[in-house]
């Protein structure tokens, strides 16, 4: 092992999530090195790369994709650029880890998947909750039959703070937030696929931005082909922190996931019992974010197929698109009658 | 107080819930006595009444309503008989406590409410969860602004065991089970009223009875006029026990209610951490069932208006009827376009 | 049952605990009536009795003991009067429920036990925690072998507020507070008896009263004859409320008891996660206080032997006296070398 | 930063804990490298070092101490060798991280502390719980006055499994297990020092080894100079897993630490509510073990003084020695009258 060359990973996108992944690639994964960073914003790539001991920084993403030293790429750019980048990276022969959503339309999702398959490169998508110990254990138990046949499921995401509503693209709550929950519901109902979707959504956090197309609160109901009924729920501003929970109820029992406590410390005082709440995704899912890149890089090195695939990304996207269509039409939408948008 | 006459309450319906109420009236409420029991089933009323020291048992409910010794009645008969009995009791000048649902149609609900108003008698409906310390404290906090404006709500009921599916009338899951959750959602979103309802339901516990009209699993989404989006969820067979929980999320925080633990005892062994689960409604809501009759009887004695009214029953029924119509039509239903059935 | 005479119970002591028991006897126990109240304080007995519909009030306790209408007595007077009253009541042929501690010295405990035995009357002592669902379930599990052989035990009591330290008799923390924990430890280690006791105690809440003999904080270590090591811990001022917890660790597992949450409501806000705390013993143990009197009165009516006996009171007292001697001498004390005080 | 030389750390002791630290030094700490491993057992050092990419392995610890390439050492050998190794390493000019206990006698503790001071090298001791988020947050809150003046404290350790009792040196439960709790109690009662100690201990897990001097269960009571009374409790075989908890109660509130749940997953089934329990120290304290070495190596690089000092090790050792003396004499022991052994 001491003599093996470390896997060289290039990071595309030096934003908040990219910065976290950069540190993981530079420091937290034995046998892996951060080989290059690319970001079109002037200076951004270098500012992230240099302190991590990575000497290669590009402002042109194409340069990174053309860099023969790079074995694999991590894509952490804005959502609407993902699918094209997956396609380009695959064509350049790089293994690809892509942040969610891998695509915002079915056609581009199909192209990305096809490109990776054609190039024979690994393609993994950033549904990090699959690497959280609680959600993973729940999946394993459901798969092992511990709750019997799933009948009712729930997954929710509440982000801690809505920053600038003017900068949120339309349908973000479905394409970027609930996409996690849609994947979680598939993960917790293994083998089943969605059949019908109904969504209600509104601008309740910032009603003044409703006219600009903001949707900051949503509830989605999904019927799966094994009969299970599921709800996914999201909101952009939970004043108490970052709230991610799941639940599977079946013929033989129930599992609940998600713990809002930041530490195992409880305080008791004149005002009652108190505990600190998890504030940010990078606190709650710190280890899961590391674990997903560890798994991806191991897939690349060993040739094992990734556990979270382009097909998973496409399936979650279908639910998101159906939810969007449901909000638009006001009625339920069947997945098999879904129109790409 | 020692010299005041106890309030004489007649019980109509000697079934499971009626038996619980009979004991409450006979033993648990100072200043109240169980004056008579009526049940059409031969011997049923007497079998319940006698051991409780109540000498008056009727097989004809009309006889109880005509009994001048009876000040107030508790109606615990099958759901479809409620509204007519409320009307008859009110006309007989009796104060009325009626188990939920007070009615299964809007017209009969209106008649029942009108009869009580015309007679000037108290009318209280059996939404016992309003008397549970957790749900009540949640309501009070929401009403005091502790969570700001409600944006997302959840209420669920999972009954422990589906007995004989052949004996379950159609739409029971909406009219008799979820009716609690519909009321809870209104209780936790005080002042707001439902606008639009969408429901998915199925026979997942006993798919073999789907052709007979059984629906044993349901998810209902409700939009309220303050923008809040709510889900109500029910299932007839939770193998772990009786599961009732609630959640209110708003602009200033979140409240969760419901505790599945039967006692504050936790066990740790080779198989991990274990605790007993609440098994039955009469365990979980024992004190709430007593408290609602205590409150009702105090209303009768003091002339105070009941806290859970016929109007509350009608509003919850509207949601149930909209959910039924949604299942029938496959689309969302606006409350203001609801057709009575 | 309707024709049976209710059991007539006389209450001795119209203080805080006596008032609770009076209400229980008057209202909460079918087949039981509050027949008389006695309290030497002028007017106290009548002020308590009258609103509960009890016409008989005495200022002379002897009059109540001589009242032929009284079948059984509940003793809720100051601790130092208990043993003599038990003896007198037994001699008067009354069944006796006595608040803890039944005695403050071994000789008087023996006299009280002997008197009850000689008179053939039931004698039950107020260790109410044995009627709490959590502690009771723990005892039953330990007795059934669920934790194997107990090795480590813990019981603690923290009262919510130290009122007037000048009015607290010496050694109260051992004789009146920790006496509960000593009984709990025996209850959770069934069949075992204490062998050796070591105690540390201090005036930490009100150090200014240390010179007056106040001890408001104490830790007691007890070795049992089955090898188990136990700690009992008390403090007179928990600003968060009333804190009673227990723990049994054995060769096959562990049980924990005690829940500080007042209701199953949890709040989430900018300051984190909060819940209300139990504030008072009569909140936490409301049902246990009722249950112990229900059990006592049933024992009297059926002739069944009480579950919490004079011998249990004496055994807990032995530990308290050993702890007092330990504080006095500064070293451990063997129960079999205990000097009565 | 990219040009700075990594800190070269040598590991002494290739056992269970040493192996964990080796991986941390090799992979988990940016700017740190595992430079050498030494272990007297033939082949042990090399078997650990090689797969981690570390080329230098010694069977003679002196060779590692003489290696000029080594900047700092981590000592993870058996307890009784620690103090001499600290002394030797300090004399060789190496910064020292030493697993607990740093010493098993006061004289050797003093020598180790003096040697580090004389050499001007950093000396940090392995009280990893100080790096656990719960215990650390508790300490910070107590130090900030959140619980007022501490009055009652508790710390406990229960190891998952007693392997071969014949291989456990005498007094291990105090010197190697409870030493953690003694440090925790000082950590949670900042600024206070122990005054008096009383201990009870026994062989309850393996009574058949009592004659060989085994003590596998212990309870220790400690009085601190601020009046606080503390208990420390240990047992060598908790069938449910690895159990470490703490509690501080003071004039203004209480803090509890420790969470036995392995993941935030809860299961509900016919047998009730279940959750998995933490099984091993390296699960529960994985991050704390990494954090303490991260902190140590940062101290070495920056010249900052370590947060857990030789003096802390000596203070915890004093309590352990007093507990041993208490078991031997059967009475309480004052720290200021402690005889070194």
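We call the chains A, B, C and D, going by the order they appear; numbering starts again at 1 in every chain.
We adopt the following convention: a residue touches a chain if its C-beta (ideal position, glycine included) is under 8 Å from a C-beta of that chain, and two chains touch if they have at least 3 such contacts.
Note that the coordinates shown come from a computational prediction; the quantities given were computed from them, not determined experimentally.
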* With respect to inter-chain C-beta contacts, which pair, A-C or A-B, contains the greater number? -> A-B
* Structure fact -> Relative to chain B, the most remote chain by C-alpha centroid is chain D
* How many angstrom lie between the CA centroids of chain A and chain C, rounded to a whole number? -> 57
* Asked: Measuring from the mean C-alpha position of chain A to the mean C-alpha position of chain B, what distance in angstrom results?
  -> 41
* Asked: What residues in chain B touch two or more of the other chains?
  -> 238-240, 243, 252-254, 262, 268-270, 276
* Asked: Touching chain B in the complex: which residues of chain C?
  -> 1-2, 26-28, 30, 50-51, 53, 55, 133-134, 137-138, 141, 146, 252-259, 262-270, 276
* chain A residues touching chain B - in the complex, by the definition given at the top -> 149, 151-152, 154, 158, 196, 198, 200-202, 204-205, 207, 217-219, 221, 223, 227-231, 233, 235, 237-240, 243, 249, 251-254, 330-332
* **Residues of chain C that touch chain A when the two form their complex** => 238-241, 243, 260-262, 268-277
